[in-house]
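Let me begin by presenting the structure, written as structure tokens, before commenting on it.
We call the chains A, B and C, going by the order they appear; numbering starts again at 1 in every chain.
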Amino acid sequence: MQPATAWDWSPGKKDIWDLSKHSREAQWHEELYASPDGEKTASIAKYGDEGFGICVNGQAQERLFEKIWNLRFAPDGRLTAIVQEEMDWSVLVDDEVWPEEYAFVWGVQFSQTGGTIAASIQQDGEYGMVVNGEAWPTLYQNANNFVLAKDGSATAAVVQVKNIPQADIWTYKEGCFSVAIDGNAWDTSFMNCWTPVFDAEAKRVACQVRHTLYDYSIVVDGQAWSSTFPSVWDPCFNPATGAVAAPVRMAGKWGMAQDNELIWDAKFFNCWNQQFSADGKNLWAIVAPKFGRWTLAVNGQVWGKTFGTMVTDMTVAPDGKHAAAVGKEGDKYAIIANDTIWVGWYDMVWKPVFSSDSHNVAAKVKRAGDRYTVVINGQVHNEDFDQCWDPVFSPEGTKVMLRVVKDGKYSRIVIPVPSSHH
Amino acid sequence: MSMHTLYNLVTGPLAWAAFAIFIGGMLAKFIYLTYLAKKKDPTVFAYLSTKHVIRSWFMWSVPFVAKNWRLRPLFTVVTFAFHISLLAAPIFLMAHVMMWSEGVLGISFWTLPDQVADWMTVIVIVCCVYFAVRRMIVPEAKYVTDIKDFLMLILVALPFITGFLAYHQIGDYKVMIILHIVSGEVWLAMIPFTWLGHMILGPMVRGYMGSEFGAVRHVKDW
Amino acid sequence: MTVDTQEKKIIEDPGIDQGAAKLTPEKIAQVINTTLGTENLARLYAYTKTCVHCGLCSDACHYFLSHDRDPKYSPVGKIKNTLWPMIKNKGKVSVEFMKEAARIAHTECNLCRRCVQYCPFGIDTAFMISTVRRIVHKLALTPQYIQDTAHSHAATMNQMWVKEDEWIDALMWQEDEARDEFPDFRIPLDKEGSDVYYSVIGPEPKFRTQLIYQAAAIFHEAGVDFTMPSGTGWDNSDMCMFTGDFEMMGRLKRDHYESAMKLKVNKIVMGECGHAYRSVYDMGNRWLGWREMPVPIIHSIQYFYELLMAGKIKVASTIDKLATFHDPCNTVRGMGLHEMGRAVAKAFVPNMVEMYPNREHNYCCAAGGGVINCGPPHKMTRVHGNKIKAEQLKATGAELIVAPCHNCHGGLEDIVHHYKLDMEIKFLGDIIYEHMVKTKAVEE
């Protein structure tokens, strides 16, 4: 796939594929996936007893498998799936299956650009990861919380380093879990480890730990913060300074700590999904300033508009100064951007997307039960669709590409960005 | 101290003190619990539902509506007779109302015929005896009863016993009336500091639980 | 009448005993005082100050009724033997006392909340026993087996040490099996934008895969647009709620809800489990600051009812046996689903007889509230502690018990076996799957 600048950004609608046209009759087609550039759709097809195949824009690929699942386009446009042949599993990337096979494969992840593809594997009852077809040198008796660094240069997971006999609650308390980076576990182990995360250079790893049943903390490169808390949530690195921030619970409320120091007072009923801006200057998070009221906070400053049911899918703009999220009140969803709740309540709203200049926000929405469309800068697109994927901004941010299904056709629509409210 | 001074003392400063402690104590209890809930237990207020508070109060205030009232008819009759009499007799007794109207409040209201109030007094005393006996012989009550629970019953019964004796001029009236007033004052003043405080806490708990059952769990709480 | 003071046989539990060996009175006092002094203070204050020690809660408790009205098994009796001395002595209680408190709180109370409906004030004894369990947790006195389950929750986000591949494999296996019966059958994994996210409990992929098969078959037949997640969050169960490890409870519920939020589903439908409903609907969400469900949670009882009423599932055949309906505490006192449950059951089993008491006043199975999860050492505690259930069941004369809850099944099976009742126990899903019209199945 070409870089986004080379995609077809000429305004207008391009019908890509008539959904009824298949090169090969299938027993069924599973759900469709659209490629990032909008030029392709793919689905898993079942061809009776012969097995499963992949169908791209109606063209059946020749190679069949016993089973295919988790069909996804990588950000670079490569089509991936987890496939089974002769009871063993591997990853299919475009036309090639990774040479090594495993007893089980799941949890495929992509680096930000899609250059690296990783997955979780189990082989002979041992667990680890495989990166671009190469498995970790060491596998573990159990592993989870698998993660691939954004730049694709490293992988990590929580691994079990000590055996726990059945119902042995005492061995467990001695600390049987650690974090392995590219298969190599830290020397230290903990009662529990969760959500390892890499810094921007993929050189350091932070995670949540529980030292005892009651003492939670944050560990960075195997070293725990000196403070412990009744609970913590996922840490994250400041991409500019390398500082580690994590929500911490104190006396029944949540605040934010950074490098072992409290930076936001523990006054929230919840505080999580925090994220630094790319320049590291702003720290954003979803917070509940009151029981059952949700909104965003930046550097501890809480937005004024709140939602009663929940706030989710926070997205920080590339400039780090703006953010958007999905809010829910009762059973209806809305978009909140820059402390303004956009007009319009929907049956569902997907994660908002910013343009690269941070000036425009768009999101996929569902309304009237099962009609889909896109909202851009607060304005609802004037047409709705049977199906629709997340909108994609053109690299300079003046156009939006819609990938949609309507009247039995998959189409790719490019429209100019409607002017923003403000 | 003469009988007269003593009378003035118990009907004057002591009465003021008893009412002040009672009202102040109850208010303090209400405010304290509300504050605690706001401060330390914030979900409580989030789920309060007026409709279900009232529904719960009502369902439990009518005899034989709640399942547990229906399971034990004698106890139900006793407890309702007791609580109604306990509240109605002191408030609506002619002699008390006269004190209200002639004294501090300056208002007069409906009164119970003396004979009815007299019967109510008897009911309260008999019920207290019933409760005491129940606490001695019903295993599940006996198991959780201690001496303080009996003292509570005596505390409640005393103003009624002395009131009954005074009204019927049994014994020395003057002594009896003073005992009556003093025991009533002690009773009032003790309410905020003992489980007699269920007078205010009971409806609060009931209302909260009515909300949880009604508004959250969509089920009867009776 | 005499007070029954028969000596209780002390059940040994390595979790309690080894935990106690490390305790000092100072530690006990410190933990009790911090817990009672800081957490859920308002309710604790209100409940303990309001109680007039009348014992009217007693008749609500199946342990009390099953032990010939022995008052130490009454709800308030259990509070007297656990919480009251902690408060009265300002935490100065002995190690032996705490061991006994742990045993009482974990194995002689199912947190069924029936006594809440019997107290004229609505005092929540289950809440107070939960508080005792919280203290027991902080003192590391929790019974071994339920603590192991809590450990599994923390390490794997499910209660049965199910590894990530085992979960997916179980679903694919059931999907494969079901295609022999329904050729177009799918259990769609991670299907974004589905109407329904179906969540289950840990034992289902581990031991009871048939239940996943059945539920998915019902959805398939009804044309439900559903999905199940390939990652964690699929286990809606929560033993941490019952050990008093509320921090882990919150972590589990976050995982569950976020997994559904990520898939942009309209609602979560959960299998026939009672305690999980309490965890997602009542307890876990609150700890996380969600007043309402971020994603609506529909219990299977209600979902089956809706499918049946909408004509999406139809009755093909009925069961002739005389049946009775057991209401799980957490779906009746937790959500008032008794009439819906009956409507579904009656559609397939017309010959139904009520047990007494029933609906929101039903007796607990004595397995719930984490009691069955305390494992084999405590099995007879709950079996003997629920003789009343055996009597209640026997009086119906029914051959079949319909019970839409996993723990109830476990508890009722032991009771039926021990008291030789010769009754069969089924889930609603068992019955519907067996007796619905299967338009999408292969011709037999």
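As a working rule, contacts are C-beta pairs under 8 Å (C-beta built on N, C-alpha and C of every residue); 3 or more make two chains touch, one makes a residue touch a chain.
For clarity, every value in this text was computed on a predicted model and none was experimentally measured.
Once CA atoms are averaged chain by chain and compared with the all-protein CA average, the nearest chain turns out to be C. Taking the mean Cα position of each chain as its centre, B sits at the greatest distance from chain A. With centres taken as mean Cα positions, chain C sits 39 Å from chain B.
One simple way to say how far apart two chains are is to compare their mean CA positions; for chain A and chain B this gives 61 Å. One simple way to say how far apart two chains are is to compare their mean CA positions; for chain A and chain C this gives 33 Å.
Shared contact sites, meaning residues of chain C that touch two or more other chains, fall at 38-39, 291.
Residues of chain B in contact with at least two other chains: 40, 43, 46.
Each of the following residues of chain A touches two or more other chains: 252, 269, 291-292.
Only residues 40, 42-43, 46 of chain B touch chain A when the two sit together in their complex. Residues of chain C touching chain B in their complex: 1-4, 38-43, 45-47, 49-56, 58-60, 64, 69-72, 74, 76-77, 80, 116-124, 282, 286, 291, 332-336, 357, 360-361.
Chain C contributes residues 15, 18, 38-39, 137-138, 140, 144-145, 147-148, 151, 154-157, 163-165, 168-169, 172, 183-184, 186, 188-191, 193, 230-232, 245, 247, 250-251, 254, 261, 264, 266, 288-294, 296, 375 to its touches with chain A in the complex. Remark: chain A residues 27-28, 30-31, 67, 69-70, 103-104, 106-107, 120, 122, 127, 142, 144, 160, 164, 166-170, 172, 177, 191-192, 194, 210, 213-214, 216, 230-231, 249, 251-252, 268-270, 272, 288, 291-292, 294, 308-310, 312, 328, 330-331, 347-348, 350, 366 touch chain C in the complex. Within the complex, the chain B residues that touch chain C are 33, 36-37, 39-41, 43-44, 46-47, 56, 60, 66-68, 71-72, 75, 137-146, 149, 195, 197-198, 201-202, 204-206, 208-210, 213, 216-222.
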